[in-house]
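Across the two complexes that follow, subunit A remains constant while its partner is subunit B and subsequently subunit C.
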Partner chain A sequence: MAAIDLESTFQALYYASLLSILSVGITLSYMTTKVFNFAHVRFAMVASYVAATIILVLAKSFNIHGDFAWHNMAGMQVRVPLPWWVYAVALVSAFIVGGLVAVAQYYLVLRPLQKRGAGSMALMISTLGFDFILVAVLFIYMTLPQIRRLTVKTISLVGRVAFDSLRMDSLDIVISNGSVTVRGAVILAMVFALATIIGLYLLLTRTKLGVMMRSSIENPNLALVLGINVDRVFAITWFIAGAIAGLAGYLFIFATVYLTPVSPTTPSDQIIVSVFAGSIVGGINSVPGSIGGGFLIGLIEKFFVPLLSPIAGPGIVKYDKVFSMLAVALTLLFIPEGLASVNWRRVLGLGRVKVRKAEEVKA
Partner chain B sequence: MSEPMLRLERVNSGYGKFHILFDIDLVVPKGKITVVVGPNGAGKTTLLNTVFGLATIHSGKVVYKGQDITHVPAYKRAKMGMAYTLQLFNIFSTLTVRENLLLATYDIPEDEAKKRMEEVFQLFPRLKERLFQRAGTLSGGERQMLAIAISMLRKPDLMLLDEPTAGLAPKLAKEVFEAIRHLGDQGYTIILAEQNAKGALEIGDEAVLIASGRIVARGKAHELLEDKDLSRKYLGLEI
Partner chain C sequence: MVNAVVLTEQILSFIGVYTIVTLALNIKAGHTGIPDFGHAMFFGIGGIVVGNFVAHLAAALASSVVPGVTVHGVLAKNTETLNLLNTKYFPTHPGVAIGLLIFAIVVALVLGGIVGWLASLPALRLRGEYLAILLLATAEAVRIFVTYTKQIMGSTPTVGLSTPDLFAWAGNSAAAATAFTVIMAIIVYIVFQRIHNSPAGRLFRAVRDDEDAAKALGRDVVVVRRDAMIIGSAVAALGGVVYALNPFLGGGAVAAVSIFNRVFWTFWPWALMILGGMASNRGVVAATALVGILLIWPIRVYKVQLAKALGASVLGLDPNSFGNALEYLLLGLLIILALALKPEGIIPEPPSKTLDFRKKAEKVLKEEKVEL
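== the complex of A and B ==
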């Protein structure tokens, strides 16, 4: 019998949603600068540290004691440890910080190098360098209590608040109907993925900024000629990409017991490869493609691979990334522009013709 | 005499450290077609890039509608009423003709945009027939018409056209030239850089001849065309 249950399904959907959110950010930044941004997922980590710090500081500053009791809401049992506004402030902060870090990379690293005529390899390596800088900053924050206390003291609203580690798992919202328990982060991940799809669709097709983004990405020189400040449009695109990563960073908070900058269990290091895979499989030049690609890779790793464990043994799940890399290899071999480049109507149309022929033969 | 639309005063320009244009003095009168001709590599495109702000100005001044715009960025010059039809990559290939035209009017109120589109379709009826066709699949002539239409929709005070007939069959090139002359008759101020010197000079009002980055001759377009020595020496024309 397949080694998958409802809770595992929710986890798979959580993971797939996370990947789709992060993959679309990689694609947005690639479409503007034609560079794979190795620091992209680190934006999410920075945002998660900021959000986690804010949650803890707000909770302690306002002397909020976690409410771990179950409450009845719309027929479900819900546990909301902190006031809603604490989560909201943390979420908005993660969104903004993710965007600001991305813009900082664009203006401080990529744009100066591009103006000096740096090639794509140099730009790609520079993103790796920026990634190292962000990791170092997070390490300093987490390992030097003096820095942490100074930061907390600065943003704390009532005097000095000290904490030595960021432990967040118990602060997540939990929903239960008695037989199935779902964590808030899982629901939020799917909500964020949907919101990202709808939000980007509306932005790109219904707003003037979206038109400017599409024209600047398609043909920067022509966009310039039409009076569009292409540089500013690209910076805004980077902000959006980083802010969307910030949403993922907020979700990271409740995914691990402790937030640590770099370790084998650090969320961003575990998934960077899968995020790139999602972008490539979906289509590196396609926003909807990368969302779909990220979701598909997530499902492959956390839903379909576990289904193989009755055949291949439970250890197969450790090799989930091998399957995503296989998906990347097959995509690059057969549809290098990604799944978004496939004419699905034609593919489906061909299928219909074959069915009709079979029916004719039967008649 | 009215203020010219554009003046270049002893302009030296190029790309980065590379110096392409030397001591360019140019006056572009309002409502006229000024033709820029010259052999390959003479600096025609660089001249247009200099006017639009896509080249580096090492010294000199660019005065547009009485304002010094030497250091004004390109996108702002577009907002000041300049439109530039690039020689290459001058349309959004993956979009339809309709989407290209809509993009060109992204910052214009809908009513006004519709009115301008009708004017474009009167001049280029073929574009209306191909409205939902992907721009990248248009023929060479249709692409050039679309590129010029994009500029027209901006209702520019100054239109820069960089070799709009490049690579076109003679019949299509003639159509494009006729459309440009029509725009000139409507009062558009145009700078037309062209390899097809004869065709351009036949429809132009004023002309300058550039060679090796310098203006070597200037005057009325028909005068330059009728100057046999110049035509033979620089343009390869036997009049």
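== the complex of A and C ==
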């Protein structure tokens, strides 16, 4: 058998799509505030908890399929698809909540510190502080008795403490024809990644808001002179970044088989560095670059590294993150502006053709 | 309930190890301005030195004395082998234990220094947050590498390796370990205080404040940054040794998930450093002591009682999660409030001590027998 089967290909696609929609948020917030946002994946976690709560509250209050949610969750044996609108409401609220948390960080932490003249390092550390506060909130939220009933005990690696975590794989819609099984979360992840690309492209190039965003990023002072409320435009950018993270948070809860169970600390702590990696490898100042970079890092970790296993032995899979970190190190040392900054025409030798043509024209 | 002596020992151990680790970070980030977000990587080296190297060496020495101890067994039958060593070998061989202790300290300092030097190589090219992210990523890569490499962490990385109890000969080994922790912290503090007041310390801060000026005065900025990384990383590795040998901190085992944990050994030191004051050694000690005595340890030890007293259990919060939540909340608030309200820290960076010219002049004049 090859090292890669269909199942792990789906996992790789899911993971790569997740990383790309998270990386683009890191890039958006970096472009506006010039700060690497450590709390970004935690926005997604908050959205995960909100989405899970909404799904279960709706299922309970509309008495959909009896009281399945309260008893069968922990066993994960019974698979009950819910009506589509339950998922839709949860998705929209994850989107909005993710955005609101990001805006809260912008107005409560970053803006006041910037006004006090804090440097970029101080801002970066303050996002860490906000991240920890969000973890604390999630720890408290998670142990409320009503919420606790949704969770499954999972053994954590650290200190081998049993953690309550959300696992809603059983509510995922699974398409199967007997031999091939596709999880809804995989398709949804790819759809979200595509929608993010197209949506951001249209927003940034075809709308007035997009033009305002780009001009505020390019030159905040000039934009201010032209009557653009830069502060508000940045807040909107943060909302968009957080809301996109919310989409990722929505995906987390349905495919914990692919990643890790959702608890206040996981999977955010595991993947935040990979998300940074995607953003940096793709180009920290390029929106399309970061989407591609996230996808690339995801594929490196879950697709290319397993491909190496026939040569390097099956143990190599565990070292997947080492390779993506290597990618970051190489990128920062040799092309600090990321893959998006590389003049690909020139690298691939396409540029030379043009030059020659120009000379021919002269001649 | 926890008795007062043990509680005191726990608090002292906490303050001791965090003083070492935070002072080590301070020399890099506070004095020289290298944003080291990979600090945990250097700390973890100390843990590996104790859990792996020292245990191997001890087993090699003990294999002819204690039946059942083999060098191979250190990784293959870790718990049994270390148990034999800790109960049958170290209590009767204080000389060997002290020798191993010195070995551990020296090896950790050297290895930490070497890794710090390696990590300083990219520091020549990158600045600011890019360097921070690179060091963070490097630390993550090292953590993953160590976790899954059987030759380093054994086959059960989540459980970790039992640590040799090098103070077993002292009777009360926990008290001895605490004393060792505190003594090491004091030594590190004195050394760093001397560095702070030395020309080297002033040079570190000069590079941080104005690289071009330092260059113009003929200083090699690259060498200065490298030196700061080497010193800071070596001392961080020493902190790892202290942690691994202290039963109140390591709990008799080192696991990759705990010694390479970036929240405990990168972000907490950052928070303590910001709270205490960047480039202020006294501030760092004050912040560590404050957080250790007033907040962290009571939360960790008394979280059940605290949860009850605050009525948290009525809400259905289980004490463990509640304790976790409080710790994270504290860490987050400390960082943000310190940055917003007191960015210079509780004890701001002291002015550089220069030669006391009056004293010097008096001495010279006295030698020449002239009245001032």
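We take it that the second predicted complex is superposed on the first by the 300 of 363 C-alpha atoms of A that agree within 3 Å, B and C clash if a C-alpha of one lies under 4 Å from a C-alpha of the other, contacts with A are read in each partner's own complex, and residues count from 1 in each chain.
Keep this in mind: contacts are C-beta pairs under 8 Å (C-beta built on N, C-alpha and C of every residue); 3 or more make two chains touch, one makes a residue touch a chain.
In this text, all values refer to a predicted model and were calculated from it rather than measured experimentally.
Per the definitions stated earlier, placing subunit B and subunit C onto a shared subunit A by superposition produces no clash, and the two fit side by side.
When the shared chain is aligned, no partner comes close enough to touch A:R345: not subunit B, not subunit C.
By the touch criterion defined above, A:L113 reaches subunit C but does not reach subunit B.
Contacts of A:A277 after superposition on the shared chain: subunit C is touched, whereas subunit B is not. Note on the composite model: angle subunit B-subunit A-subunit C, taken at the C-alpha centres, equals 90°, rounded to the nearest 10. Closest contact between subunit B and subunit C, by C-alpha atoms in the overlaid model: 17 Å.
On the side of subunit B, the complex with subunit A involves touching residues 52, 54, 73-76, 78-79, 83-84, 86, 89-95, 102-104, 106-107, 150, 154. Across the interface of their complex, subunit C is touched by residues 35-36, 109, 112-113, 116, 118, 120-122, 124-126, 128-137, 139-140, 142-145, 148, 157-161, 164, 264, 269, 273, 276-277, 280, 315, 318-319, 321-322, 325-326, 328-329, 332-333, 336 of subunit A. Across the complex, subunit B is touched by residues 208, 211-212, 214-215, 218-219, 221-222, 224-230 of subunit A.
Within the complex formed with subunit A, the subunit C residues making contact are 35, 122, 125-126, 128-130, 132-134, 136-138, 140-141, 144-145, 147-148, 158-159, 257-258, 261, 263, 267, 270-271, 274, 315-318, 320-322, 324-329, 331-336, 339-340, 343.
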